[in-house]
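This is the structure I want to talk about, given as structure tokens.
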Amino acid sequence: MQKIGVFVCWCGSNIAATVDVSAVSEALSHEPGVVYATNYQYMCSEAGQNTIKDAIKKYGLTGIVICSCSPRMHEATFRKTAAAAGLNPYMVEIANIREQCSWIHKDMATATEKAIILGKAAIAKVHLNAPLTASQSPVVKRALVIGGGIAGIQTALDIADAGFEVDIVEKSPTIGGKMSQLDKTFPTLDCAACILTPKMVDVAQHEKIKIYSYSEVEAVKGFVGNFEVTIRKKARYVNENVCTGCGLCTEKCPQKNVPNEFNLGMDKRRAIYIPFAQAVPKVATIDANYCMKLKTGKCGLCEKICTAGAIDYSQKDQLIEQKYGAIVVATGFNPIKLDNFEEYSYSQSPDVVTSLEFERITNAAGPTSGQLLRPSDGKHPHTIVFVQCVGSRDTSGCGKPYCSKICCMYTAKHAMLTREKYPDTDVYVFYIDVRTPGKNFDEFYRRAAEEYGVHYIKGMVGKVAPKADGKLMVQASDLISNEQLHIDADMVVLATAIEPDKSARPLATMLTASMDTNDFFTEAHPKLRPVESPTAGIFLSGTCQGPKDIPETVSQAGAAAAKVIGLLAKDTLTANPCVAHSDEMMCNGCSSCEKVCPYGAITYVDKEFRMPDRTVAIRRVAVVNEAVCQGCGACTVACPSGAMDLKGFSNSQIMAEVDAICK
Amino acid sequence: MDNKEKQKERILRVSGVNVLKCMKCGKCSGTCPSYDEMDYHPHQFVYMVEKGEIEPLLKSKSIYKCLSCFACVERCPRGVEPAKIVEAIRLEVIRKQGENHLKPNQIPQLLDEDLPQQAIVSAFRKYSK
Amino acid sequence: MKKLSLANLDAFFAKIADKQALYMPIENKAGQLQFQRWTEGAKLSVGCNTVRSAKDFFFPQTENLVDFKVKGKEIEIIDSRTEKEDFVIFGVRACDVRSFAILDKVFLSNPVDTYYKSRREHGTIISLACTHPEETCFCRTFGIDATQPEGDVASWITEDAVYFQPQSDKGQKLLEKCGALLEEADESPVLRQKQQTKTYLDKLPLATLSTKHFENKDQLEVFNSEKWAELSEACLGCGTCTFVCPTCQCYDIRDFDTGKGIKRFRCWDSCMYSDFTKMAGGQPRLTQLERFRQRFMHKLVYFPINNDGEFGCVGCGRCLKKCPISMNIVKVMKTLEGEEK
Amino acid sequence: MQRIMAEKAKELLQNGTVNRVLGWKKGEFVYDITPAVFNNTEEIDAEFVYDDFCANNLSKYLIKESRKEGKVLVFLKPCDTYSFNQLLKEHRIWRDHVYAVGIPCDGKIDLDCLKKQDIQGIVGIETQNDNFIIHTLYGDHTIAKEDALAERCLNCKSKKHVIYDELIGRDGEVLDSHRFDMVEKIEAMTPDERFAFWRGEFSRCIRCNACRNVCPACSCENCVFDNPKSGIANKAAADSFEENMFHIIRAFHVAGRCTDCGECSRVCPQNIPLHLLNRKFIKDINEFYGTYQAGEDTESRAPLNIYNTEDVEPSIVYKKGGNH
Amino acid sequence: MQVNEIKEFRPKIVAFCCNWCSYAGADLAGTNRLNYPSDVKIIRVPCSCRVNPMFILRAFQRGADGVIICGCHPGDCHYTSGNYYARRRMTLLFSMLDYLGIEKERTRVEWVSAAEGAKFAATMNDFVETITKLGENKRLEDLRCKE
């Protein structure tokens, strides 16, 4: 039996004007278990808190009920008060007699009657409260960033600058991501490489950052503060520590016919390669799919010419185990495949290109060294048609239902730059809507139309057909003039929808982080916790969470870093002790709870039990990770046997409240 | 409900199209092979039905110029299916007339060997309601 | 022997029901027989036996024993028994009537169960002789004559009349009250019916079932039989057999907090349940085998040892019909006896 | 069929594939079949049976049996395979300890159908084409098979075996069943009629727990109604509320997991149509969240363990039916 | 005489409110001094998905005349998905209660955000009015608790 103290607060006149506080404390003093009941003007004041502390000591109280304002206001205060007097803070219950009683009722008798009932409910609950201790778990002061694009780079730099170790895992041989492939950036038109590559160098030189390039995450175990990650470092057949990045091998390799993915296959590279000049780490990688030595055992030229002796054909994939306190997902995006959009003749004509390919064509380091030339014949195009929303905002199932967000702006950029460099070129942009929310964005778009004479046409392209003369017939509607246009174009540029990288889905499974139907990672809260995954310790950076442009990505990357820093700054994590727990003897092992847990806090183990019939049995039972559980209680209702219960809001506590209220 | 509304309701019911799904991108008209023959174009059909302006469409020659090739249906990014609207309008006219635009037995004379199968089917669809 | 023309049956019922509650087997919505209170127009069913036995009248499934009211530190105890009125049960079969004798041994021996006793005193039983026994019937095994049931009044229904034989003072008094409707009668139609019924009883599949194997048996020998494992293997541990059984008399006493006071009530319990007689230290019988064995040991061994050889079963056959897995006392008896077919 | 099954069982016992056989055992009369485990060929020869009365769904016994040493052969009727699959999905059965043999089923006899036609004192039953000839102490009766079939068999949802290691006979199809007709009929009643209907049914409940204990979905280690800590434990309904509560909570706990095997209604000694509660949930789930058949596979998420952001609001209940 | 003794029917209403949205919404109703009947008593739960059908039946057993569950709007759940599960569970439960002939109006789910103090008060006013019209809960009562 608990020894309960009841403290009724007047809240000046806020409560006392409508609730007869002494009648309340008098009535509650007769409840079973109540050994002390009083009322006071301001319970939250120092004097009020001292009253509570004194009573706890004097009467040896094991639980206290405070009839006052909303627990959202002062629950934490009174818990501290209790703790200061040596009472477990979770032995405190608040009866909300202000916001939910005195402030909404005018009649004193009614309000007093209700306050008494609310007090009784709190007493009934506190009878069943048990002292709870928040579990502590140590925090590994190291973060993992998955993905080495601008999002990953920025997050890693920000975390490292705060003094924490960061590892970046990047699946390709260099960090840099999509941004490294871009030419200029809107709306300021500064060159992508000029602003990105210094950051890449910063990463490479930062003493707190380690880059695992050409590596992938293989497995993730553990939980917030204490993840155990296995990283697969793929064999690149070049000793990273020895290679100087001189590039000699990449010039001498006899296998010249490898499509260059950095230029989206528009030109060729060798079997041993460095993706681009400013790659970080600047080390060569042998493409095992094309290397003659690795495929047939003959050749070995690169080994011979490498003065540093970095080539190692016997290299194997390496598995690295590392512990992290936090994980940031920055897996980025890719343009979608255009297989479902035959009408644009993308696969039929080399002169129909995606916007990213167009970026490479206009990039000084691209396949045409920055000359705007048609891929088919290398001639300068005179009419270019840009098509917006290719695969975006598409609910027919061919594309993506969402707006890819960046296309309007980069298309304006492409159109503008084309007109600037080649004023003799006619540029048409077919659009459904032009969306330019962002600083200086609309001005930028209007400049393209007004100053650079780009023809913006409201309407969609219905068909692109290669003609015999090498031109492309573009058939489109102009909705404003209500006519169908037929344009003979030299080039067509498709603003292709973007989608999360394919590696995101299996990664989400490993991380038990949730995803939406489009494979974008879900935020813990769409408004209030936009850079956190619902799974504790997993953070989101960049386009893995949704389409974004560079400034947005960078600011989200910084925000994710701030969250990580906040986490890693702690030595231990104090979990909310109001978490689910499973009575193993009652657990069926059916997995219902696991399925509804939004945090992946429940796992199953096979465990040996001494059963009531004295036999020993191996049973599959649920185990709650208290560091991960957030205490929502979804599992408690999913559990048919009632094995799963929630501390602080247990079945019996809630039912006791129900009983007291309905008496 | 006034007459105009009823007519719209009927078109929507017969066609099974939800015109509200249209985001007015114009791809249907951009893709239409009979565009230049038409006085009202596929996107206008969708928009005008949405506004309830059925009368002009009923008088439009477009409904006989539509090839029922379904390119607009195929390419619409929102699954609106403009050709079904055109067909519903056509039906409305035919039902009002109470007679066929063409007799079925007239059709074979109009066919030639090179006509694609789809066109034959479309012809029946169009003219023999 | 008294005779009542079938045409006057409703008048007879009305006469009895006038002063007290009258219960009899009446077909329910589910097409099964159930003891229900007779009201004008209700139709007596004589088809076969009721699903629930007649023990419910004296030992109901739940019964309030006492109420507590708590005010501050005061506890008030309120006797909440309700069984104050006389009632009559018509149409109790020979097996069920015998079950009362068995329950009496439990509840009326010291210490007397006053709740049960008071119900027994208020109740008058008009038994009804069987004419069409079912294949599941084996009352003869326990020395019960289905054609000559016990009870305050025994009755026989023939084609045109009901014959009554008072067998106790209570019964005599009850019949006297209805004297106007009854006439003295000759026994011969009843004897004829008995004769006919006996021919059916002889042909019953379980007519030769005998308790001989269990008479004066060493408890441990039965207890330790290896057959229990196989017999109990499929048992679901439900309480169907117990709850339809006319002689099962185990109960649990529980408190219910109404929010305004405490109600102490008792309810049937089943030794087949995993939480039967569960205590702080756990259950005394840990496995279904033990629980299953308990039920039959009690009926076939323990009860006779403590009650002059009387078995705790009346052969009504309800458990044979209702067990979800068709395991029952007959199979147990036969298996233990080694009489497997 | 019985002979083929017995042969199969003996073959698998002899070649060591399994060391036990879970099947049905003969009783005293023609109909009182008991589930049993056979350990050797002699036992099978002596007592194994498969006929129109072998109604028990054996899958629940596998929770216990599959945890024992060795492999157990189990015979599963089409509807039993759904229960088996569902139990596998909930990790209640150790799959590698079970050898499942699918067997055909033409529907099982409900003894109450015979009793309702005043057939009593049954001493023997013969099958003749589509009829049964029933010998009783009081003469013979002929009855069409269809009139003797259990409700769940008349409204059979599937003759398809969704899982098995081996199949005897040919597999059937998922059937277009009328199993929701009665639910619809109840839905069409007024609330007062519905209340009266269910009160009439539940008031007969004796809380023998047969429905719960036979139910393959009710396989909890410790049922909330037996667990004094749950706050709703009770042994007998002391008030009509407790009758209602037991059946509401039980139906809710199996919602989305019940395969509609119909064992609950079969075993109810009071003939309460318990399957109508489960079917109501199944029907609602189908209507609100898309067709779902529990036990059909082992991968899909149960309807109550998943959600769609576009799900219907609870207020749909006020709009539906319209009977006030 | 008798007439005077019949008390005006005051329903007992239990409201389960999620800690993050609806309980805060109720607080806001208080802060804004928005009146609703004192018959409503709120029980704080972490999330609407914590509400077990058992609690709802328990409330009716103990004499409640109406039970309302309030949670964050779909999509806004503090725990991302809790209210979606609650929505399914309650839809099915309410439908079952209706199937059993128990007045469906006695149970309700409302989504009330922390900013919707006015909605909270309006919802409670409306719910109390509905229940008052319906009268005492007779179909899911436990007579033992009514003595």
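When the chains are written out, they are named A, B, C, D and E in that same order, and each has its own residue count from 1.
In this text, a residue touches a chain if its C-beta (ideal position, glycine included) is under 8 Å from a C-beta of that chain, and two chains touch if they have at least 3 such contacts.
These numbers were taken from a predicted model, which means no experiment stands behind them.
Taking subunit C out in thought, with all other chains where they are, everything left is connected by touch in one piece. Between subunit A and subunit D, the least number of touching-chain steps is 1.
For the pairs D-E and A-B, the larger set of C-beta contacts lies at D-E.
When chain centres are set by their Cα atoms, the one at the greatest distance from subunit B is C. Subunit A and subunit E have Cα centroids lying 36 Å from one another. Centroids built from CA atoms put subunit C at 69 Å from subunit A. Our note on geometry: subunit C versus subunit D, Cα centroid distance of 30 Å, whole angstroms. Here the spacing of subunit B and subunit D, counted between their Cα centres, is 54 Å.
Each of residues 53-54, 58, 62-63, 75, 81, 85, 89, 142, 144-145 in subunit E touches at least two other chains.
Residues of subunit C in contact with two or more other chains: 256, 259-260, 263. Listed for subunit D are residues 224, 230-231, 238, 304-305, each touching two or more other chains.
By the definition given earlier, chain contacts exist for A-B, A-C, A-D, A-E, C-D, C-E, D-E. Residues of subunit E that touch subunit D in their complex: 53-54, 57-58, 60-61, 74-75, 81, 84-85, 87-105, 108-109, 139-144.
Of all residues in subunit A, those touching subunit C in their complex are 30, 32, 612-614, 659-660, 662-663.
By the touch criterion given at the top, residues 70, 72, 257, 259-260, 282-283, 286-287 of subunit C touch subunit A in their complex.
Residue ranges of subunit C in contact with subunit D, taken from their complex: 28-32, 34, 47-48, 51-52, 61-62, 132-136, 200, 203-206, 230, 233-234, 236-240, 242-244, 252, 254, 256, 263, 265, 267-270, 273-275, 320-322, 324-328, 330-331, 334, 341. Residues of subunit B that touch subunit A in their complex: 21, 23-32, 35-36, 41, 43-44, 71, 75-79.
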